[in-house]
Amino acid sequence: MNFHDGLSGEKIFFGLSEVINIKEIVRETFLIEISSSSQLAKSEPGQFVYIIPKMQKRTVLPRPLCIADADSETVKLIFKIRGKGTLCLSELGKGDKISVMGPLGTGFPLPREPVLLAGGGLGAAPLYFLAKKLRNNKKTSLLLGFKNSDEAYFIDEFKSIAKNVFVCTDDGSLGAGGNVVEKAGEIIKNEKVICACGPRPMLKGLSDFAGKKGLRIFVSLEERMGCGVGACLGCVVKIRRGGKEEYQRVCKEGPVFDGLEVVY
Amino acid sequence: MKADISAEIGGLILKNPVMPASGTWGYGEEYAEFYAPGELGAVVVKGTTLEPRQGNKPPRIAETPAGILNSVGLQNVGVEKFISEKLPFLKKNKCTVIVNIAGDSVDDYADVARRLMDEEGVSAVEVNISCPNVKKGGIAFGVNAASASVLIKSVKKEYGRPLIAKLSPNVTDIVEIAGACIDSGADALTLINTVRGMSIDINNRRPLLPNCAGGLSGPAIKPIALRMVYEVKKATGADIIGVGGIECFEDALEFIMAGASAVQVGTANFYNPMVMPEIIAGFGEYLEKNKIGSVKDLVGVAIR
Amino acid sequence: MKADISAEIGGLILKNPVMPASGTWGYGEEYAEFYAPGELGAVVVKGTTLEPRQGNKPPRIAETPAGILNSVGLQNVGVEKFISEKLPFLKKNKCTVIVNIAGDSVDDYADVARRLMDEEGVSAVEVNISCPNVKKGGIAFGVNAASASVLIKSVKKEYGRPLIAKLSPNVTDIVEIAGACIDSGADALTLINTVRGMSIDINNRRPLLPNCAGGLSGPAIKPIALRMVYEVKKATGADIIGVGGIECFEDALEFIMAGASAVQVGTANFYNPMVMPEIIAGFGEYLEKNKIGSVKDLVGVAIR
Amino acid sequence: MNFHDGLSGEKIFFGLSEVINIKEIVRETFLIEISSSSQLAKSEPGQFVYIIPKMQKRTVLPRPLCIADADSETVKLIFKIRGKGTLCLSELGKGDKISVMGPLGTGFPLPREPVLLAGGGLGAAPLYFLAKKLRNNKKTSLLLGFKNSDEAYFIDEFKSIAKNVFVCTDDGSLGAGGNVVEKAGEIIKNEKVICACGPRPMLKGLSDFAGKKGLRIFVSLEERMGCGVGACLGCVVKIRRGGKEEYQRVCKEGPVFDGLEVVY
């Protein structure tokens, strides 16, 4: 198998990236930094990369991971071990090469109005990138929810780039007790937009809330993928718009969708 | 002298023997980011029906050892929108366009074929006979020689350019079905569509795909596809497009030697968007290195 | 309370649901180096015919993506030598013995079955209906419901203990064949035998196996096997032994949830001789961790 | 997939071995030293190990390699890159773990009569082990054939353990010109037994020669394998004995067979 080494399109990089750093930041959750490219340097928050786990352990498909940060030097990704592919990724070491395609998909808008970024668990990752891009928007607040203090990560990093950072955990072991949907109701003030990433029930809860309050909401969704570039129709979610329902592609129209249009 | 990597399939002349498998390469737009679609021998588009279709419920993809299962179904924009919105891009890029067609009844297929006959930009149709025949209780046309034959004849009546029948591997005797299609007017055959398979989500204690079964594709099915290409070529001599699990030049060459005149690449595009240009380059290099004049000289050489 | 990992297949009670697939584990002697064969739910031996057989020409094995092709054929010592030379070892080791039987004609099968009926140490026969029916021009018994039915009835007449029919996946409608076998007296079914496949040696420009086609096994076929187990269980409710690509406990569990009451492991033994004890241990741990009383409670839970 | 880590039988080791050293000794040919075990320490010349290439590159089966030397500390193997499996092996590095099964099969006898060890190409590997075990037999001579001087390896090592070492190459670029079969006819004197390993045509040639001269000959054969332990009948070769032909297993009765009985 002869993968092209550095070849790629104008907007999408496809080639080998070098692992610059990898560390376990909380149990089974890793922060990996890989080398960037001209295309990856232009990544937008909410976009993702498609990582190819070297045909190990009988895998075939690449794995989608949100971009947690990107500049012309490095791309940061945060992932949790879920199965074979993420296990292979966790076994990578500094200097290893991995095949990467990206940036892919449509990311978050960069609202000028006051905005609440709401992340649950791994969902915090793309919000870090988004928060960085929104640094100029002084009315950005952040709400990060985790199961418990053992699973919380990146809190200090978030605090270093944003002023209003709220943390909650299901069991109250860190920050306030309770989940993101409940807390959002409590902390929201004059925010007009919510940008959210996390488990589907959380996104649904936030969308219901936003609907009731008349807020706009953008959610980042996950779905099993084939091609990652919009060609196979493997990764669809149902979107209701103007009374009509249709399937849209998480890898192309998404992963970020208007939360009020998603048929959960 | 430059090596001749052109191919001929049912009267259709292609500049090289490599094309995407239907449903895995959209309408050529997505991968244009990586290379010009006109570089390919042909572009085979997603299964196209008379009316637009929504397709199946997600999740639609599951990974299996060296393969994937899909239950995308026939989500497509319908033949009219294909012609007005998708075909122009392919024409502009000078692609040889093969339209994979599908339907629930013989009439559905015939209607799509008739509509496509009007379009000069469509060089051939590939009749996906693996779709369930709704009128006959959902049994696929492609599992029965008689119903395959009726279907091919009706499409043939409407469509005067090359007609390619795409066969399902989920049958006892592929040679019988292949023979029936050729006898009914198919100019060539595409072998194979996906193999029916399944995956269980042990955590949720249910099939991973909401549709239960899905179509298996990818490297896992390569030996099955090769066997069918070989058997059908040996028995019928028909022009064949080989497809199933091809992920590198050597795989493509196996298919050619087994009797295929051209190959399609599906799942491998998902993990290597450059796989098709790589295979095309591979043919050129191989012919030159081995001093072989033409890919055509290799078609079926492994048959005993 | 200890978890109950016993299994029941067509009236046969097994201490656990894990056994080797015929032809992949010899007669139990070779792997005794690694663990006692009596630890397994049963031992299924190589396809046994009336007379000794030489089997096919080598090479007999080819590797494919996540699978292997074999064309071993029916090389075996014949039923008499099996009884005199191989069975004693299995009896001494207190194995539940299932003999896979094969032949070229209905009479061949019936003769082997009659001979095995005399042997108390043989707990069940597994009738391999994928062999070519020499009298009927080499078409396998297993691809046709009528001939499968005749075969099973004749064996049933001779063999009074549990009769298991092992089906070929190379058919259009596995449910039909399964139904015919059950109606003809099979007490249980083993699903699936190998999938017909092929591999081309591009350097020598010929099929890698001298027999051209071979039988595909290993992880690659797991989704195909799972689909067939699921469909047959759903349609017939028959007791099923699931086989095809199992290489770890999770794979085995997929088969159980899809409707198998027990599983066989073939190709995986070749690269992990400890795979079966690992799977057996896996069942115990899983039941305890999930507070499930018995493996039987999981059979078919994924069926919708 | 949970391979047992150190588990194994009484005579056959099955578990993880550590790569102690790996180096390319001639182009695309590697010498790899892996950690031994009590069972591997008892390996006999001509036996092989079955190496499992970690499910990379879509492989399934282990790869058989002759034991080129074994003691209680290490096992040495020499292999050439032929395809996916050997390519994966060549990418191993010091400290990596690989899954190994062995020793397997039936090796060479240890003749007391004068013996010629004849190796062609990679076939020299097991003969090194055999020559070491035959050190006490002062009437051992060695004939090593290679395509050309670039492919020759281990000559000094052989010379350090045996007195009569003849080398020939097809093109005469090292030692005498000519192949092993021709040279055997020239150098053989009072040897009563030949032990040979190499390509089949060479083994056939030597067997014909031995038959004519009334010598005994043992040859090490290769065949594609399934189980490696005698259970699947995948690896057979045809043996003629007492007028009857039957298939025997390379992994169990072999890889070493009586050369006069092999139906080439």
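When the chains are written out, they are named A, B, C and D in that same order, and each has its own residue count from 1.
Everything below uses one rule, namely that contacts are C-beta pairs under 8 Å (C-beta built on N, C-alpha and C of every residue); 3 or more make two chains touch, one makes a residue touch a chain.
Predicted model, so just to flag it, every value in this text is computed and none were measured.
For this pair, chain A with chain B, the centres built from the Cα atoms lie 35 Å apart.
Measuring from the averaged C-alpha position of chain B to that of chain D gives a distance of 46 Å.
Touching two or more other chains at once are residues 1, 58 of chain A. Those residues of chain B in touch with two or more other chains are numbered 64-67, 218-219.
Taken as a graph of touching chains, this assembly is arranged as a ring, one closed cycle with exactly two partners per chain.
Chain pairs that touch, as defined above: A-B, A-D, B-C, C-D. Of all residues in chain B, only 64-67, 69, 143-144, 170-173, 195-202, 205-207, 212-214, 216, 218-224, 226-227, 230-231, 245, 250, 253-254, 257-258, 301-302, 304 touch chain C in the complex they form. Remark: chain A residues 1-4, 7-12, 14, 52, 58-62, 101, 223-238, 246-247, 252 touch chain B in the complex. Residues of chain A touching chain D in their complex: 1, 54-58. Those residues of chain C whose C-beta lies close enough to touch chain D in the complex are 23-26, 29-31, 33-34, 46, 54-55, 58-68, 70, 72, 75, 218-219, 247-249, 267, 269-274, 278.
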